[in-house]
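Each of the next two complexes has subunit A plus one other chain: subunit B in the first, subunit C in the second.
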Partner chain A sequence: MKMYPSGTPSFKANLLIVWSEFVKNMKFLMAYPVLFVFWTIFPFFWFIPFIFQGQAFVGGLQSTSFEQFAGTPNYIPFVVIGAILNGYVLTSLYGVGESIRREAYRGTLDYLLSSPCNKAFILIGKAVSESINSTMYAAIQLVVGILLFGIEVTTGVIMPIVLIIFLLILGLYGISLMLAAVSLQFKQAHDLSHTLEYVFYIFSPVRYPLQSLPFWAQVLGRFLPLTYALLAVRSLMLLKQNILAIYQEIFLLFVLDIAAILLGFYLFNWMEKRTKSSGTISHY
Partner chain B sequence: MKNKNEEFREPRKILCPHGLTLANLKAEIRTIWENNVKEWKIELTYPISFIRQCIEPIIFLLPFIIYGLVLIGGRYSDSLLHLVGTDDIVTYIFTGYVIMGFIGTSVWAMGFSIRKEQWYGTLESIYVTPTSRISFVLGMALHSVVHQGIAVFFEFLVIYAIFGLALKIQGILPALVIFALMMFALCGFGIFV
Partner chain C sequence: MAYDESSDTHSIQTINLTKSFRKKKHKGIFSFLKKGNEKEKSETTDITVALDHVNLKIRAGELFGLLGPNGAGKTTLVKCLSTILIPDEGTAIINGFDIRKQTTFVRASLGMVIGGERTLYWKLTARDNLTYFASLYKMPRKRIKERVDELLGIMDLLDRADERLEDYSTGMRQKVAIARALLHDPPVLLLDEPTLGLDPTFSRQIRNQIRELSKKEGKTVLLATHYMEEADELCDRIAIINEGKIVAVDTSDQLKAMVKETELVEVVCYNPPQDAEEYLKSLCPDVEIVTLVRGEEAKGAPSRIKLIGGNAEKRIGTVIDALRRKNTQIASLNISVPTLEDVFIKLTGAKLTEGGRGANQ
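Let's look at the complex of A and B:
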């Protein structure tokens, strides 16, 4: 009988799990190159209608009314930045949030969950590979935004933006963990992902400033990590503020991250134990 | 011992009904209806998913309206009046989005109809039936048009309640005629996909 190593796995073993998950997901991505093209190009089709709509309604490239809410009259860079950061939401919800469900479809979930390793590192591996993919898409979109849509990036804002995106990714993957946990028990991950996407779509300032929403919607929007990331990145890139002016947004984003990750891991461990004991892990 | 000719005899051939007769037409209409009923049964098995899909058009419409209102600082745009002859952005966006919804329905639902049967493992069974492939796709189209119609109805109620819609009563009938023509074209496009 083969004995499995007991005790806490070493740091190296955990890193190997993360690496293996990363390699597996990259192999899947390379097997379907159309997906890569889709996630790179199609976000443009989602925000270009907003640019045409703006030009038709305003009759120009600047809006004084928009400036009262957003602090900048240039609505095109506002929308483009919103769309680029929103890409992280989509890939995290549909990439990590549904990853557990996809393992169930492929028939590999039972093997993953019965393997003698910490399941958290499997999810970290999935999150790392999705983050790298999302960043590749975002970088390509940013270059196009700079070339075609008048986005200006100075070297001084690059590091703060990297920090904000890192914090955004942490928060989103905390939420994705919760989604993965719920999909272990209730299975319908796709509907849950869509519902969460709607919440982000309406209540975070992706296409319009948060101040344009009713008060109750603004309060709801303040619980989403994307809201703070967008406020901070737009302050740096569009309003030309320095990082000290946005310390509150960064701090609140950090607090949301901690809360989402802790709650995500707790929920996932709880649901994993529950589904294992009830024998419903591999149910469809 | 069996005769060799008996053992390897060809399968019995069944002649499929063909030609434009009333009986065949009735059979094809029944195929369309049964496909529609089948799709509804599958859809209503997942009621949460159905409700979500009915709400979805409103969710995707609202950002366009809010964005437009923020850009102009009101409901009426001089620039839009100059371009298309109406200055009411809410009604303009709503009517455009209703048509956009049906385009999405035709492309997605009809385009995916064959693929879905592959996923369910029923494509072969359907393909060996003596019915026209077009009737099969049109059954899917009927389901998706009714589905989208329900979603648009909810969309109309919500937008009317929140923003109000200024639609001309005398324009509804001609609009429906144009809409019916568009649906024929979209069905053709869906079959192509």
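Let's look at the complex of A and C:
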């Protein structure tokens, strides 16, 4: 009798799970094309008020007092980079956790959980879909940033930025796993995502430099992967530093990634077992 | 085929499988303002025993029915076997693998249909759905394509394979759900109410396919249903489940033999009294159970009163006199051939179509 799986999990088979999940999510996105429009326009709506606000406060697009904190007088490129990287946070926070809830609502979650594959690959597939979406939107934003706001991108910074974004995505994947776990137990991760969204806004240097926060808030911000990603990317793009100057940020981002992923997996497995025991796993 | 209890070729064996659920009572949004004592607090949680030390042995290749009303524990049993729920006590062995310790191999051995047509991606096509779910079974890509085409052909869906499921009928979606269960060619199938909500044509098609899966392909099928005709027509053996307990297991004929023909009288009538069940039971105390199923008399469908067990046949005269006194028009009176419903009523005291916790809640 032929039985799948053969008992030896293969890299190729796991890659196919990630790919199938990605294809499925892309087809859903195609089924609702208005989402493309929303997610492309929304990040601009988000940072445009800060441009006007900045102009109102400092009377132009540059500020010497801003420079004391940020190391650059240019406020707009600072905010545009914040908005682009924060886009990854938004899609991660609202992506994977919500997607688990939607699977339960559709009635498909039982079938995902009763399949013999490692569920981590399904979740990776969901995270990859979110990351590719985010990268698409980020690319659009970056092009607009270059054309309208004079953001400069040199070829030398592209690879380091790709590495930093990859590390940011890993950390966010860990947070997504935690939200998926919350979604299994409480059936509603949206409010928590919304709260976390503001935690990132406040404690990460998205709209303002980290140094402008009180000390305790700066310490809190240092526990968020976005903080290191923003510090590193701005150092490369705005302060024209090289990758050696940001090795500390990259190392700490990597450490946070490992911690978030381990905690995420632990929480997800724990919640899966707990909800299978309580009988609430299929509830939504 | 006689069932051999000592046979070691069981595809499914449950051993004292037990599962309870805690349900919180909703006391109202201002309940926190009330002064509560410890007793009140302890009453906020109900415990429902969904499966109570269930022991079953299902032979390889057998088409085994699990018959019971809504809320009897059928779906909970299927979910425990498919590892979606973790039992509180006991375990089960599927295809030689323990559901507690060897979950990956249990899952690879199973195909299931549970929850019906709702459990598919309606925004995707039938082909997309099947291709996606096949990938979760680590099938090679080439084999996925071949198998998906093969199953779409078997289900007679090839010409509409690339349409979204939202444009399918309920019966067509259910066919896709069954095809999904067969993707990895599992030796064991768990089917939970596979014909629920289908019209007679699709029901017949699905039943024929279930029969073929068991008889031609040798798959072990656990069919959970509350349709007695379905269990009667398809299953080699049937377990009757009520309130989480298996109350009888045997072939359909043997189960029906539990109700002797002399123990079953059916009165077809119009305008029976409201309290017909209690009234006739008080007049015939030696009859075990009296049931009344009201027909839509305005549309010409008569009501049916059944007397089951004891000396029902000897009480015919008493029943006719009693009903006439209550102005009931008797259309016919039969000493009936027992059905599985009668067996269920005799064993549990409840009606299959109305009984069980699910129906009472």
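Here, the second predicted complex is superposed on the first by the 276 of 284 C-alpha atoms of A that agree within 3 Å, B and C clash if a C-alpha of one lies under 4 Å from a C-alpha of the other, contacts with A are read in each partner's own complex, and residues count from 1 in each chain.
Methods note: a contact is a pair of C-beta atoms (placed from the backbone, for glycine too) under 8 Å apart; a residue touches a chain by one contact, two chains touch by 3 or more.
Keep in mind that this is a model prediction, so the values were computed, not measured.
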item: Subunit B versus subunit C as contact partner of A:Phe28, first or second or both or neither; value: second
item: Partner chain in contact with A:Lys273 - subunit B first, subunit C second, else both or neither; value: second
item: Contacts of A:Ser10 with subunit B and subunit C, given as first, second, both or neither; value: second
item: A:Cys117 touches, of subunit B and subunit C: first, second, both or neither?; value: second
item: Which superposed partner A:Leu142 touches (first subunit B, second subunit C, both, neither); value: neither
item: First, second, both or neither for A:Phe69, with subunit B first and subunit C second; value: first
item: Of subunit B and subunit C, the chain that contacts the larger number of subunit A residues; value: C
item: Subunit B versus subunit C as contact partner of A:Thr108, first or second or both or neither; value: second
item: Subunit A residues touching subunit C - in the complex, by the definition given at the top; value: 1-7, 9-10, 13-14, 16-17, 19-21, 23-24, 27-28, 31, 106-108, 110-117, 122, 273, 276-279, 281-282
item: Touch list for subunit C against partner subunit A, complex; value: 19, 21-22, 50, 76, 79, 82-86, 88, 104-105, 107-110, 112, 114-115, 118-124, 128, 131-133, 135-141, 164, 180, 184-187
item: Residues of subunit A touching subunit B in the complex; value: 49-50, 53-54, 56-59, 63-66, 68-70, 75, 79, 188, 190-191, 194-195, 198, 201-202, 206-209, 212-213
item: Subunit A-touching residues of subunit B, taken from the complex the two chains share; value: 46, 48-49, 52, 55-56, 59-60, 62-64, 66-74, 77-80, 82-83, 89, 93
